[in-house]
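Input: one structure, supplied below.
Note that the chains take the letters A, B, C, D, E and F in the order they are written out, and that residue 1 is the start of every chain.
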Amino acid sequence: MNTRAISRYPVPDMTELPEDIRARMLEVQEKAGFIPNVFLALAHRPEEFTAFFAYHDALMLKEGSLTKAEREMIVVATSGANDCLYCIVAHGAILRIYAKDPLIADQVAVNYRKADITPRQKAMLAFALKVALESNTIGDEDFAALRAHGFSDEDAWDIGAIAAFFALSNRMANMIAMRPNDEFFTMGRTPKSK
Amino acid sequence: MNTRAISRYPVPDMTELPEDIRARMLEVQEKAGFIPNVFLALAHRPEEFTAFFAYHDALMLKEGSLTKAEREMIVVATSGANDCLYCIVAHGAILRIYAKDPLIADQVAVNYRKADITPRQKAMLAFALKVALESNTIGDEDFAALRAHGFSDEDAWDIGAIAAFFALSNRMANMIAMRPNDEFFTMGRTPKSK
Amino acid sequence: MNTRAISRYPVPDMTELPEDIRARMLEVQEKAGFIPNVFLALAHRPEEFTAFFAYHDALMLKEGSLTKAEREMIVVATSGANDCLYCIVAHGAILRIYAKDPLIADQVAVNYRKADITPRQKAMLAFALKVALESNTIGDEDFAALRAHGFSDEDAWDIGAIAAFFALSNRMANMIAMRPNDEFFTMGRTPKSK
Amino acid sequence: MNTRAISRYPVPDMTELPEDIRARMLEVQEKAGFIPNVFLALAHRPEEFTAFFAYHDALMLKEGSLTKAEREMIVVATSGANDCLYCIVAHGAILRIYAKDPLIADQVAVNYRKADITPRQKAMLAFALKVALESNTIGDEDFAALRAHGFSDEDAWDIGAIAAFFALSNRMANMIAMRPNDEFFTMGRTPKSK
Amino acid sequence: MNTRAISRYPVPDMTELPEDIRARMLEVQEKAGFIPNVFLALAHRPEEFTAFFAYHDALMLKEGSLTKAEREMIVVATSGANDCLYCIVAHGAILRIYAKDPLIADQVAVNYRKADITPRQKAMLAFALKVALESNTIGDEDFAALRAHGFSDEDAWDIGAIAAFFALSNRMANMIAMRPNDEFFTMGRTPKSK
Amino acid sequence: MNTRAISRYPVPDMTELPEDIRARMLEVQEKAGFIPNVFLALAHRPEEFTAFFAYHDALMLKEGSLTKAEREMIVVATSGANDCLYCIVAHGAILRIYAKDPLIADQVAVNYRKADITPRQKAMLAFALKVALESNTIGDEDFAALRAHGFSDEDAWDIGAIAAFFALSNRMANMIAMRPNDEFFTMGRTPKSK
């Protein structure tokens, strides 16, 4: 496999794609300035593509008490645990931007315990990593630990569901050897005032 | 938590549900004679419900060279590795029915190496379990091993994507403590002629 | 190896066996209606056979505060942790019968935390699994946890000794590829009044 | 628990013991000059004691192509993997004596790959450790690897059965905190001509 | 502990330090524009500081067939395996600069199998990670694998010794919670012509 | 590789060595009666040799509240966790001598929980093993646990730094297959009055 390829699998030409998929790609391209490779790589299977992004949006764009930066922290921490290069790099970039913090993504990807985040956010990531790594041992005490930091049970669902969705996403990216766009490596690395 | 509950979370009343979700439940109820708890438990979040089953159907109902029984083998083997009671029991029942084999589900859930399946199916499950458990080490040699058994790269995507989807599903079921319907434990346990 | 064989090793003819071993087999056959494969497979080594069942009986048939169903729970839970197909299936059947519960064996084999058992029984299985999986870390606190649920130190010995004996049994069954009798897969799956 | 105690459990007085158990102890005492603590500690349960030593003798004293030193190597290597202090120290002493080699026990307990043993013996210990640590993955290829070094399938049973028996023994010793006799630590440490 | 602190331990004032340590710090400050926190944090123990950097220099600055970028790849890959934030971030920066490649450090830290490096460099990192994670299983076959890529046994020592030295360094950094300088996160992220 | 060799690498002749290295060897030879193989094996790289022993001395010979025997306990326990034959055997001998206890080294190498040491020393070894095996999870609570036994934060540095240094040492010894001198196996095994 050519390591600079976007994916082990063929990447469809934009012109071949169903209209709704092409529209979504053009929209993200307009906003980001480029098309993230996850769109191109997963478009190999349009039906799965549509379900994947519907699920993603249901978890990542919904209303709720978790901030957008916190949702991305969950993605980055659990992708770190799964050694998923695409998700660490792409969602690390998004996390830096949402959090307006150029350091946070590398910290959270390697070891959330050492990150510049709140104790509440550390509790959130401890729960997310337990869902990612040993969900069979989750019990009442884990929900209680979240409640002690002010998280509702609906927040717990959000945290766990994001960890679960990226369990899928990480495995797909690893299996098809999805390559992060070069742009993601450097996005959001210039400090901004918080 | 009451261990006989279907889920840690509230289960919505059928009458409160969006029409399309209710329709799906009634359809499955007609076919199976009961509503599998995964429908009731995930309906707590209708938007996620819709994406979940769209993804599920894209992988499990699509055309392709894998038989329906083989797809269920992947589900049962990877759910076994993740200690997911709901998925082992519910998909074990479906596997017994598709394979017309009352023994196969318990064999595959515990140790596919000892199951009454073909060497080709064992290679399929070895790949699926690698995606489930250490997707970061997947390499060209794993695709070559599948090809040696006549699997195409599209088949490899199917195998890996099912393993990845149930990585999500297992974690959700474990987190919300989804309980398998009693019916699933015994379905398909009477031997039939193959 | 033929996967439908009872064992990797030759199975002796009943007529060749020492009288006491043959007698035991006939007795179990009369009670169960068939001879469990563990008797046939281990009879390849009559001296080990005799010691194995003497040890088994000393632990499983003795007087004590653990019920027969509880002893079988320990067997099923630790065999689940060791991925031993024979012991999960055969002792799962026995557990269903002793507990008069068609669901309990699959629950305990996959994840005792989700099983319909008492907190006391969960504490019992937590101790058994610690003996099975990391006996080097057993300490006073583990005995204290059992005592908090009313188990005496003699009960603790029983629990740990059953886990230890099936550490042996699981490894033998896995090594010789012992196959569970088909009958075990379905025994005790019809619900009875408790 | 007093760490100098022989066991967490009461040690019976010689006079209270069944005649056959007492006789065995006196016999070993005459030969070794002291009573190994495993006899005293397990005598707390006479019926289990009898089965344990019957099993032990069936495996360790039987005729067969493995030498006595090789059987003890299996005990020491697998007990090392299970962090069982009693078995490493007591069987390490016996191994030194049988092998007439003061260095071999520490080598085999820590890392058989670095021990002064033959490639054939290393293959034997690789099989034994696979039985000890991941018996669910044992397959035809493991038996083939033994055959390549001249081991018969009966030898394979011996190797695996010793590993399996000490899986039991190590867990019992760890659970009851069995203490090795001081004598064992130094026995056989004076070099002898081979 | 204040997570923005450089270390759990007091950081000495430059004026209190032995002359040779101060000189080294000033030298690095002149070259890099800032003093990497590892110098400040380890200066808490001047004698250990001196030995640490003597060892570091003996391995990282010596003549040999490994390039400077390759040595840093070893540091980054093994620090990734040990979840050491300081070393991943600081040596990642150095790797980007030596390799003149803004992407390589994140790739190597997460999963060297997916990095834009040569098969020879992947073999180098496979050996380094085996030293880092399971050095007890290193054998002749691992040296042979390096030789197949043209590495001499002296190169093997270099590779393994760097992995071993950062086994120390990662543990110290994790234990004292050493914080990477903010500058390291962004250094070398602008692409340059190779 | 000849398993009786001192190292996979050439061992330099004393006459070729730099004066300071030769002097150190002669000094230790005079004291111990033989030259420990670590000196001969590491002398293959004189610059690394010098840094290694400077670091070793800074940690093992310094003033501080830990006794010499306690420092050696840390070496033996962490080397046991890393399966390093050289360090277990050589430092086990030194530990026996410093502690004037012929049993302690085998106990600590296998399982410090079962060793004849104080609760304070067990807390010390629990911290050391956490640094050795999962330093990324070290947190304030681990330092608090040491303080509860009267250890200062400077003591914590000593404990962790010794564990970290032998993380390096164990990996070097395993990689180069360093062989313990025969003398070490038996040194200090005769009981002395404490």
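Of note:
By our rule, contacts are C-beta pairs under 8 Å (C-beta built on N, C-alpha and C of every residue); 3 or more make two chains touch, one makes a residue touch a chain.
As the structure is a computational prediction, the values presented were derived from the model and not from experiment.
Counting hops only between chains that touch, chain B reaches chain F in a minimum of 2.
Comparing the residue numbers each copy contributes, chain E and chain F share more than half of them at their mutual interface. The chain with its Cα centroid farthest from the Cα centroid of chain D is A.
The rotation relating chain D to chain E, fitted on Cα atoms, amounts to 120°, rounded to the nearest 5.
Of all chains, the one whose Cα centroid sits at the greatest distance from that of chain E is C. Repeated interface: A-B and one of B-D, C-D or D-E share more than half of their contact pairs by residue number, and that pair is C-D. Chain centres here are Cα averages; for chain C and chain F they lie 44 Å apart.
Computed centre separation for the pair chain A/chain E is 28 angstrom, with centres defined by C-alpha atoms. Residues of chain C in contact with two or more other chains: 83-84, 111, 136, 174, 177.
Pairwise, the chains that touch each other are A-B, A-C, A-E, A-F, B-C, B-D, B-E, C-D, C-F, D-E, D-F, E-F. Contacts from chain D toward chain E in the complex involve residues 111, 113.
For chain F in complex with chain A, the touching residues are 136-137, 139. Those residues of chain A whose C-beta lies close enough to touch chain E in the complex are 3-4, 80, 83-85, 88-89, 102-103, 106-107, 109-111, 114-116, 174, 177, 179, 182, 185-186, 189-191.
Here chain E touches chain F in the complex through residues 1, 8-9, 44-45, 47-48, 50-52, 54-55, 58-59, 62, 82-84, 131-132, 135-136, 138, 140, 143, 153, 156-157, 160-161, 163-165, 167-172, 174-177, going by the rule given at the top.
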